[in-house]
Amino acid sequence: MRRGACGVVLVLALLSLLAGGPATAQSGALVVAIDSDISSLDISDAATFNTGVFLGINVFDRLFEYGPGGLVPKLATAWSTSPDGLTWTFHLRKGVKFHDGTPFDADAVKFNFDRLLRTPQLRQSAKLRGVVRVETDGPYTVRVVTDRPLPALVGNLVHPAAGAIQSPTAVKDKKFPVGTGPFLLKEWVPGDHILLEANPNYWDGAPNVKRIFIRLVPEAGTRVNLLRSGQAHISVALLPIHAKELEGTPGVRVVAPKSAGWRFVGLNNSKKPFDNVAVRQALNYAVDKQAIVEKLFLGLTRAADSPYGSAMWSFIGGNGYPYNPTKAKELLAQAGYPGGFEATYLAAPTDAPLAAEVAQALQAYLGAVGVTMHIRSMEPAVLLQEVFKPMADNKVEMYQYWYGGADPDTLRILLDSREWPPGRNGSFYKDPAVDSLFEQGATTANSAKRKAIYQDVQRQVMKSAPWIFLFEERRMDGVRTNLRGITYIQQDVGILDMRRASF
Amino acid sequence: MTARAEGPGAAASAWSRSRHRRRPWWLRDTRVAVGVLIVAGIASLAAMAPYLALRQPTQIDLQQTLERPGPAHPFGTDQLGRDLLSRVVFAGRTSLVVGVVSVATSLAIGVPLGLVSGYSGGRADLLAMRFVDVLQAFPGLLLAIAVIAILGPGILNMMLAIGVSASPLFARLLRASVLEVKGEEFVDAARATGGTDLRIMLRHVLPNALAPLIAQSTLRLGSAILTSASLSFLGLGVQPPQPEWGAMVSEARQYFVSAPHLIVFPGLAIILCVLGFNLLGEALSDRIDPRLANASENR
Amino acid sequence: MGPHDAVTALLHYAAKRLLFLAPIALGVATVVFVLLRLVPGDPAQVLAGPEATPDVIAQLRVKFGLNQPVLIQYGFFLGRLLHGDLGLSYRSGLTVTQEIGHRYLATLILAASATALAVGVGVPLGLAAGTHRDSVRDRMAMLVALVGICAPSFWIGLVLQYWIAARFNLLPMIGGGGMAHLILPSVTLGLYSLASLARITRAAVVNTAQRDYVRTARSKGLGMPFIIRRHILRNALLPILTSIGLEFGFLMTGAVVVETVFAYPGIGVLLVQSILSRDYALVQGLVLFIALSYVLVNLLTDLLYALTDPRVSYQ
């Protein structure tokens, strides 16, 4: 018996030697637990939020970024727009090198922008829509020429993925990711982890943290427990219940930045009964968003009274739909559906916090007014493929989605009639008034006028209800208190910035 | 072997004889009792569930989320305010249905296969047994998972998948019974008096095979319930909001700290249910062939 | 039989078993091939994944000969298999073999340590229970074992993870890393096998203990430990050994659930992820891999069986 026990221990010890590996990578590193994997090492083809946050921000720089006081120069030291608004001139920083030694210069910027313009398959290419050509004027000056005034260009250039500048040499050799940023990518094991190492030659000073170990932990409860036990220093995408649980836990704090992002139920406006605005409004009255916010999200976000989240510039609230199931039933009856109808809702539970619970709550609320909603759950990649099929092949009726951006023009991608699939307007929404407002907003340089235009957009969109508006999409992250220098870039849903972290 | 060929009657008298032996049988006697009690209890609860004074398992109430067990909700409520007790009971219904349909599928595939294989002999037999070998070359969950990968997640596909992956067992069982009967002399005698082969099979093989079939089916039922809980836990089986024990545990993972009751109760339900079927099934198979007592591998 | 003859006989036996198993392996590959063709839709689109553009799909169609008759496709499929080419995972762009690569080792290690645990604890437990039949010790052990085979592994895993790892921080919560990260997943995975082996061992011991020659030995006054070692264990070894071989195969698939609970970087999680994201090339490769490993393990167990059982003739 004793021999048997010895044998077991010996075997286990041998096995553990073989099993060793990433443990050593973790020592001394900043450990981050994330909810979903990066989608690709080619940052210009990034498909998910996490790709931008963890790869885009750390391994690459952009021309500028949002800071507490406004735009902060990064790879561009100064910039200006011509009086007619059609030419943007950027003066670039000197003495910067990519991780592979290639010098950063105007040609590099031109290469990146040209690549986005010429390769529509790249998922970030849509962000440069409106740019006609890119010219260099000496090694440190770049001119971007657009076909109309494009104030939204700023928002796209600060985008973690779309605005990232890659090394032309590396891209030509198909080596990804090579940027100018404070960290290099040491290792990516898809579905498991990402290992970043500090770039000692970073032009803005080497980072304090030598290594960042980003672990994929799809389950929220596990992420929280890792944070609580100190096995992770940062855990992202926590649930509201965890925020409550962590209250009063020494050594941990929860950060929930105000957000410009929003979650909604997309409705296929080209299919009956969703082609009827009364039906869409009825559905909005049928769902008690306040209860969802208070009970599922424990009051940690706010119910949608605008298509934008409250941190979006030009945000105006007060146009929401209060909970009114009686009115919902009336509207349905008026629209010709007194007995309700049946529809299928595509959900992607792993794509957003509490998505499964929200789906089931929706099912219950809609059921109460006679609408039978069937839930089909799937992986995000599959949902995207189904939702953004061109109209002829598109069988989707209702779907889960959330979105965000740095500039109000970002809504155009979801609601402009020119962006029907294969674009991102999965609801096949078409309102000429709104289209024209988008057009104006995109080309008006005057700040005050622009704000007014987008406020009109918000009012009009809320009235015509292309979606069931739900709530502001807020991130909730947990951070150990012994970690300093963690900030959030105030755009989109709030972008985690670990570059200046230190213990 | 001889006990089986003599039919259930022989087993019964063997049992009554052994009642007068000491401990081992007394132990088995308890197992049958407990097993029957559990299975009968669960079955009746499941059958009567809609008529009992339970709340709707899919009724959400956002004002009462994550309540601890108490007088209003004996098992507490879940993250959408649904009553856990009723969900656990209705999930029992689902589990029983899944178990029965899966086993029925296995029988529907395995019994004819084994019958034909054993009776025809020769190349058909060889081919059929090779096919069964290939199916059994996929260990445990794998074949079920592969079938679900093809058909897509869902309760119907899951029942089919589990049924297919367990059918080799029944095929072999039937084939063994057929071969036993085939060797008997009365087969020739029966043929001589004008009985068709089919009749012989049905009259002699089926009674011979019935007892082990029942025993294996009971064991398979428990195993099917366990498998379906695991598959639903992984997201490959029953889809929300239909209540299923494994799926409920999966949904409740993130609430473990605040609401452990959401994981404890469904888990205990699974253990109890599978225990009942295992006890019953093992007691049955022991009665049939005491020499195989405790040595049968139940998957 | 001299040692030289014994080795030759064993090799003959091994060759025979291999010959028997080869068609099984072929059958497994065929079943997987057929299963994949059963997925509704255009096979090229299916393999390319939900995000593929039309030209990628067209490329794939040519590359895998999907416009050819089915039998030819089957031939190509087998040919690629022999070269170790299992296709491409659309999500990561890596080949299936690359994706499986080190993850397979991780799952193997998990299954091996679970087996070691199951054998190291389960067999002695069954031995103790069997040799002290009907004692309190026996009944308790068998009761625990009974519950052990009824409890779902995901539940045990979650409970252990919460109490030991999260609440009291005694062990790491998730897998991947050194020995400490292996403990909870191995215990969870091995529990069912432990219980099962304990019961089988007990039965084998009880069975053997009833044989005449043991009774004779006891009547001669020989002590139980001696009898256990000499007779009981040797004869009980056979059913135990076969069970271990079977267990290992089941553990490979049981790992799917345990890896999900502990975020352990093995092929189990990969299998579930690939099914949910419709990465059919990866699913196909994984199913094939696991099934063929199982066939191999069975072969090895057969050989071990033959080696240890003097009664088995190498015919």
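Lettered A, B and C in written order, each chain numbered from 1.
The rule is simple: a contact is a pair of C-beta atoms (placed from the backbone, for glycine too) under 8 Å apart; a residue touches a chain by one contact, two chains touch by 3 or more.
The model shown is predicted, which means the values in this text are computed figures rather than measured ones.
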Graph shape for the chains shown, where an edge means the two chains touch. Line, ring, star, complete, or other? complete
Which chain lies at the heart of the structure, taking centres as C-alpha averages? C
What is the distance, in whole Å, between the centres of chain B and chain C, each centre taken as the mean of its C-alpha atoms? 22
Distance in whole angstrom between the CA centres of chain A and chain C is 41
For chain A and chain B, what's the span in angstrom between their mean Cα positions? 46
Where does chain A touch two or more other chains at once, residue-wise? 219, 222, 225
Per-residue overlap in chain B, given as positions that touch at least 2 other chains: 235, 253, 256-257
In chain C, residues with contacts to at least two other chains: 162, 166, 276
Could you list, by residue number, the parts of chain C that touch chain B in their complex? 23-25, 27-28, 30-32, 35-36, 38-39, 134, 146-147, 149-155, 158-159, 162, 166, 196, 199-200, 202-204, 206-207, 239, 243, 246, 249-250, 252-254, 256-257, 260, 271-272, 275-276, 280, 283, 287, 290-291, 294-295, 298
In the complex, go through chain A and note every residue touching chain B. 219-222, 224-225, 239, 241-242, 244-245, 288, 291-292, 294-296, 356-357, 359-361, 363-364, 375-377
Sites on chain B touched by chain C in the complex: 23-24, 27, 130-131, 133-135, 137-142, 145-150, 153, 222, 226, 229-230, 233-236, 246, 249-250, 253, 256-257, 260, 263, 267, 270-271, 274-275, 278-279, 293-295, 297-299
Within their complex, state which residues of chain B touch chain A. 58-60, 62-63, 65-66, 79-81, 235, 239-241, 251, 253-258
Chain A-touching residues of chain C, taken from the complex the two chains share: 49-51, 53, 91-94, 99, 105-106, 109, 112-113, 116-117, 119-121, 123-124, 127, 161-162, 165-166, 169, 172-174, 176-179, 181-182, 186, 263, 265, 269-270, 273, 276-278
